[in-house]
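Pasting the structures here.
Here chain A shows up in two complexes: once beside chain B, once beside chain C.
Presenting the complex of A and B:
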């Protein structure tokens, strides 16, 4: 199981509609709505992908395959943007 | 360095040199600095705690109120300021920095009346420094401050005292209807957090003191304030997605323009890093 964590230079704040991530190295902002914001929250708490998928099924009423696809897609996007690193 | 700063004001079309600190009147060359600014045709505004050495007082009282004004930051029972009040009279406008919702502003009206000060009060909020190492007013307390201020505004109006608000005030901190009754004084509320440009003694210029760690560069040769503000604004634009409250992201006043989400330094104070191991444990999450 793969674990990710917020990159060292990333800070974030919870907003009414999701989470705003700030890359402190560049000042760039990324907004995540839900349920991607929930994925971010779980990632930054050090939860592995499988566990996140299971929780996402419950909170977003997704079937396991859809939850897994969403988590993988979100994590890949965050990783490509340099916002998360492997824990 | 001071001459370079004056050059910058001139080429930026800024008509006023504002001297602030620390306590600017303690600078050993304070009278000369004031004179240099005046010789350039600039007005001078000094931000002081009101306890100043004799040469500074003599300098300030020798110039007319049209050219030199002094914003004295005061607090209740601050007797050390009385001499400055007595000698500078209507050159002085009071400034009050709010760092607690339990402030009692009525004494400001008494000071103005007793000393014949300029009938103006400027309220400021104590904002966090970028590293939040100072004593500041947490945004969760803004509403209590707004309610208390609303009670004072009527008394100020009755006394013929004009109230203005420094950066960081937001419309939602005031009770409904109060802003409408404020008239022009309300115009900047919610929208005046922008690079004010503070020039430091080391020759650097910062967006403002609270953001000094994020937006800072050497005072540019040949460039004006507009260019520099543009650069700082761009540099901080990502952080602008944040507001001082979690609810700012969905607030209509923010989306439609009247409010920009309040003090950027206070907004940045909401940013967090990953939770500590202890927090994770307390929340019941497993650290794998």
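Presenting the complex of A and C:
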């Protein structure tokens, strides 16, 4: 997986149950609950997919294949929404 | 029930203290024989029951996680023997511990899921912390609990990590001993480099974050006279909500480094001066053994059912090293947890540790017995310890008396007491504080 980072126009705030992303260009807010909020955290810290998946296994009690599928699905959704860009 | 009353001398008067009524008064000697009406009225109500060891099923205030004993500093007084590399907790074990605590909190109607991190330096095992923090937040959301995360840290990591800590933790206890010369002498990094610049940088980042920041200052003979100056600097440069002062616990390492505990009278006087400085800045000064808000028989996790989970799956009541308790003849182990979620907390072990909080002969006649509660079970109130007041007792008695006077609105008298060595000695070494012995 190519590394992704938060899009330039996106800011975020950590909240008790996840993370809220604000698209400063449109004013739209997107809330990510768990486990997607953890994926967002690791993505924005520039971690590679392998490392994210390994942590996600423990965070969400997933097997490695399920963790990888969830990471890819989440990244695709964020990319389609313009919230992340290729690093 | 007759009130349990203490009386300690303060100049030509007596400070009367009824901790179970939460009443204090300053009276003259004649009034010790016959209390004024106002004091009698305050003591007429039913007192709170004497605090006793807990009973019933284990009921932890929080889960403590020790992700690793490794540390990236080489503090001159550290007796943990920490090195940069060391055993790390399996992240799945950390997750299992969090799950157990979340189930417990939800089953018992708690509103928060409380998880505290200790070390070594927790961020020497960053993957474990990442997993445990996100698991805590995920499972708290699932169960309708508010995550409450606290970490005790040395602050030596990148600015990006410091920002992350400020975003994801509710409370950060940052070990920061003061101005450059003190910090670098007490808490050097490897190779003799100082840690001051990096820790000050972390403190700045944390000060701008939503986290509540508490500075923990280790006070030794070489920095005891600088406490007020340190407080002014901390408050002007950063945004701590509290500053916690702890006197140096001697270790072979500290002795080798020429660091010694402060004289207890000097510490009490300087703490009191620093306390005033902190209050001027709206910062809470803390000396944990002198907190009188609620009667207690333990001032630490021991006896309060706290579960501290170690990298090897051992669960104990204390985050200090097992070898240190064993040297005192103590067994503070409570059981085990496994990465698969299996948990063993034998009732007899929980009962044994709870009983340690009772039966501290040195405290029997001390007016601080239900506030200081004997201090650290490993370093101070261990089985077979001396029954005579030691330096910790002396400084605690003095600061507690000053705090009670301050609570009565007698701030200037507290200040005078903290400046008068002879008067402090008269108060500090009394063998019995019971009113009938006054």
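By our rule, the second predicted complex is superposed on the first by the 86 of 87 C-alpha atoms of A that agree within 3 Å, B and C clash if a C-alpha of one lies under 4 Å from a C-alpha of the other, contacts with A are read in each partner's own complex, and residues count from 1 in each chain.
Throughout what follows, contacts are C-beta pairs under 8 Å (C-beta built on N, C-alpha and C of every residue); 3 or more make two chains touch, one makes a residue touch a chain.
Note that the structure is a prediction, hence the values are computed from the model and not measured.
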item: Which superposed partner A:37 touches (first chain B, second chain C, both, neither); value: second
item: First, second, both or neither for A:6, with chain B first and chain C second; value: first
item: Touched partner set for A:76, first chain B, second chain C, both or neither; value: neither
item: Touching partner for A:65 - first (chain B), second (chain C), both, neither; value: neither
item: Touched partner set for A:55, first chain B, second chain C, both or neither; value: second
item: Touching partner for A:25 - first (chain B), second (chain C), both, neither; value: neither
item: Chain C versus chain B, contacts on chain A by residue; value: B
item: Residues of chain A that lie at the interface with chain B and also at the interface with chain C; value: 14, 16-18, 45
item: Chain C residues within the chain A interface of the complex; value: 91-92, 94-95, 127, 130-131, 134-135, 137-138, 140-142, 146-147, 160, 164, 167-168
item: Contacting residues of chain A [partner chain B, same complex]; value: 1, 3, 5-6, 11-18, 20, 22-23, 26-29, 31, 44-48, 51
item: Interfacial residue positions of chain A with respect to chain C in the complex; value: 14, 16-18, 33-35, 37-38, 41-42, 45, 54-55, 58-61
item: Contact footprint of chain A on chain B as seen in their complex; value: 214, 235-243, 246-251, 267, 270-275, 280, 283, 285-288
